[in-house]
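In what follows, subunit A forms one complex with subunit B and a second complex with subunit C.
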Partner chain A sequence: MSHALTGRYTHLWFIGPALVLMVLILLMPILIAGWLSFTDYSLGGDAPEWVGIENYERIFTRSTYEKMFGATFRYVFVVVPLSVALGLGAALLIQSLTRFGEIYKTIYFLPVMAALLAMAIVWEFALHPTIGIINSTLELGCGTVLEAWSWYAAGCARNFPLWLGDREYAIWVVAFIGVWQGFGFNMVLYLAGLTAVPRELYHAAEMDGARSAWDRFRLVTWPMLGPTTVFVVTISCIRSFQVFDTIEAFYPQGGGPSKSAYVMMFAIYEKAIQQNLVGIGAAITVCFLGFVMMLTLIQRWLVERKVHYA
Partner chain B sequence: MTEIHLDGISKSFGETTVLERLDLAIRPGEFLTLVGPSGCGKSTLLRILAGLERQTAGHVRIGGRVVDDVRAADRDLAMVFQSYALYPHLTVAENMLTPLRLRDLSFAERLPYLGPLLARGKYRALRQAVQEVAEILKIEALLARKPGQLSGGQRQRAALGRAMVRNPVAFLMDEPLSNLDAALRVHMRSELRELHRRLRATFVYVTHDQAEALTMSDRMAVMMDGQILQLGAPQEVYDDPAHLKVATFVGSPKINTLPGMIDAEGGVTRLGLPLGRRIVGAAPGPVTIALRPEHLRLRPTAGPEAISGRLTHIENLGADLWLHIAIGDGAHRIIARAEHEMLGTCSLGDIVHVERLKGEALVFGADGARLRFEGEAAPSNDAGETAPTTAVA
Partner chain C sequence: MTDAAISPAQDVARDGTRLRFSTAEAVKHAVLILGALVVLLPFYVMVSYSLSLIG
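For the complex of A and B:
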């Protein structure tokens, strides 16, 4: 032992434990998933057979998977910008308050803390086409000036949208709930970032003639929040790609009306677990990992090149 | 050239009063230093002048115009901060361009990419202005760098450059040298002074370092506890302090203070020895007698005029030699300047004798106010602008 500790391979003893753990619980599963994605493996079935790129071919040709990518990207492109912008806006507003800031922080953070499955049930009731509070509130507006809006008039004449049950609306409603649930977290990250902005920079900006709030924001706040923003956007992207529990709670039977809310995570779950098509599930997983990898690389590049000033 | 007046400025944060009815007139083109120990309100005063903080009472006038309700951005002053407060994401050139962009360009002209196309001529003029200032400060080579890539002294220059590009009414400087190392600080003193001569602009300079105030300013205002105790030329403040606190704050090493008594006829005695001159119009009682170390001289023998004590410490600064002497059973310590020849003649623990040069002692009353000798005129001292506590005997 003492000889080993002084020999040429000493370093292996130091990195060994971490290396073994990383290989076992991170790299191996990814490699196995990669290998499975080229097979027709199913749990408890025959020995897996090599099928080449057949699984990937399906993913990129069949309309189901086209819907999957459509739903996922719609969700991501709505939730990420909105939850980041709202998080930043809420943080700036709360920071400008002299009192009651803590109360607002708590209120906006509540959806983050709440169990999303339970909240999904509440939203399901609220969005119910006939007895839900949203449509009954909208009906109160019938016969007023709001009817000048053709969408509203159409709602009054026939009925208001089915929301979760309408394939035109489903993914947007789910995205809205995603924003509602997620922006409080971004707000907290931005509040932390704002406390790190030196006060003297605002004074310097004032002396330099930054008269409007927008000038101060452009000159000081936004650049100084750069590192925070990169982090917040990356986190929000990854969380949005991972959306699963709202879909599962609203549509346990397969991804919403005409699969309009058939997001990636749900597809993996449906294929690999419910239908025991592990091969195709693994292929979707590899695609998912590809997206996350891309995001991470972009984040690293931004962090190193653009937003760290010191 | 514009005059700046601060009239009866008070400032309190809740219960705490930081400034108390303070008056100050800043002459056009002068280098005025506000100096005082930390917490005396000098920075607050500067920030009130800048408009970054609002006074509780009183008025700020710039060139005859009351600017109490004018925001900092519109007072046309430039400020250099202790931390430099450069925008870390912008290069030095962009940092220096910022005040010009914000003041001279419209919103549309400031748009990224589009703005420079809209106002090509204006941008060229602004860049030219930045280039000229960079040449004065010798930072042309640094223009493309970001603040994170600069040393402390270079950042200091960049911050000065940002203040200089737009010919403001006055430059306000809040301890701009205190983040630099000692050697660079001494060097920057003379550079700033040089810059002031060259620009002929008004400088208002805040520092806690009395050496900076003495070496750089045209006039210095010594502030304590929210008041200006004395305002005058550095030599005047040093030679003729109006208050015991001023006397002890200005000068290094510190002025020697010894307890004394004043009798009914105005005669002053120090440790039982009478001084030659008399004080007129002061009530009898205890006083403080102050003597600068350079006004004490070593003498070989004891005598009625001499102060004797034990040598406790020799401080050799190369050019100067300061002797620390414990007198009166160690109850008091005085510092005296000595010539280098004495280095071999006495050692620690010896009894040494010093005498004072005639006519240099300063006497302060029990409240710290200066008491003047018979026939000694109170200095002109910008009369009304000094603190109300100045006692004219």
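For the complex of A and C:
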């Protein structure tokens, strides 16, 4: 064996390739984005000039970016809890079935396998205010007991919402599609987590007086699913922050009616690619990275305190 | 013996609780079918539009 491999710095040969790759692929782009965010760089333009925190000032003072943060956080705070809760609920129900569980698993996993961009176009058809199946179905309920609901009666009297074209509904509809697409993946993760819960714990809990299903869930299932939940919530958060396909499919000209669905990832694309304002695009990217990192750290700190890894 | 074999459902299969178990199972299926309908809605729209005539 050569001297270089047996010497004092041998370990560097082992960690070197991974370290170089990590710097090149992970750290370097972040550092470059950080540097660009303090410049007015645009592709093909003059040499970038240092503008200090001007790009960040714009982001935190202009109303467009205020809407961007609002839409992003609304989306994340709807999609994450709902997709996690529905994923867990579906997994528990399917796990407790004696028959046909495989059919439900397949159906619920279908949206995960489908291309979101293509499915967004299908949702656009379904949600069309005049020819869409959603409003056509809602119209069937006019003149029935459903009109006791004031929202429904208003829809029958005038028109049902424009959904994607209405600034009051746009981000919630996009969030609904996010939940529709994402909860099947969480369900699969929870199903895997449930198979790892030892059956003896349920028997022991029952002997200790945990008679109801709720008691067994509260005392055995939920604590044992702690590591799975940490993973599911973290993944769901990051995926929700990264929402882009649906917004691009629904609103290629801009983030929806009155910028009500102007999420961060779309803003990065619009500024840096469409408008060639790389500096401001890089500043939004840095904010995006900061939010994701902060959220992940808070989450891990909050949840891992109560998580017991077997 | 498998877990399914020692499940309460089969322990009480011959007495009155069988009906209660069946109802619980039916409710679970009803909830899951409702969810499945929502999940399958865009796929139904996609297939129905692809089979309909233009114009």
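Everything that follows uses one rule, which is that the second predicted complex is superposed on the first by the 301 of 310 C-alpha atoms of A that agree within 3 Å, B and C clash if a C-alpha of one lies under 4 Å from a C-alpha of the other, contacts with A are read in each partner's own complex, and residues count from 1 in each chain.
By our rule, contacts are C-beta pairs under 8 Å (C-beta built on N, C-alpha and C of every residue); 3 or more make two chains touch, one makes a residue touch a chain.
Bear in mind the structure is a predicted one, so any value in this text is a computation, not a measurement.
**Student:** A:223 contacts which: subunit B (first), subunit C (second), both, neither?
**Tutor:** A:223 contacts subunit B only, not subunit C.
**Student:** In the superposed arrangement, does A:209 touch subunit B (first), subunit C (second), both or neither?
**Tutor:** The answer is first: A:209 touches subunit B but not subunit C.
**Student:** Between subunit B and subunit C, whom does A:93 touch in the aligned arrangement: first, second, both, or neither?
**Tutor:** Touch partner of A:93: subunit C, not subunit B.
**Student:** Just subunit B (first), just subunit C (second), both, or neither: which does A:196 touch?
**Tutor:** Neither subunit B nor subunit C is touched by A:196.
**Student:** Looking at A:108, would you say it contacts subunit B, subunit C, both, or neither? Reply first, second, both or neither.
**Tutor:** In the superposition, A:108 contacts subunit C only.
**Student:** In their complex, what parts of subunit A are in touch with subunit B?
**Tutor:** Result: residues 198, 200-201, 203-204, 206-211, 215, 219-220, 223-224, 226, 307, 309-310 of subunit A touch subunit B.
**Student:** Given the complex with subunit C, which residues does subunit A contribute to the contact?
**Tutor:** 86, 90, 93-94, 96-98, 100, 104, 107-108, 110-111, 114, 119, 122-123, 125-126, 133, 180, 184, 199
**Student:** Please name which positions on subunit B make contact with subunit A in the complex.
**Tutor:** Spelled out, the residues of subunit B in touch with subunit A are 50-52, 71-74, 77-79, 81-83, 85-90, 98-99, 102-103, 146-148, 162.
**Student:** Help me check something: in the complex, which residues belonging to subunit C touch subunit A?
**Tutor:** 3-4, 7, 9, 25, 28-29, 31-32, 35-36, 38-43, 45-46, 49
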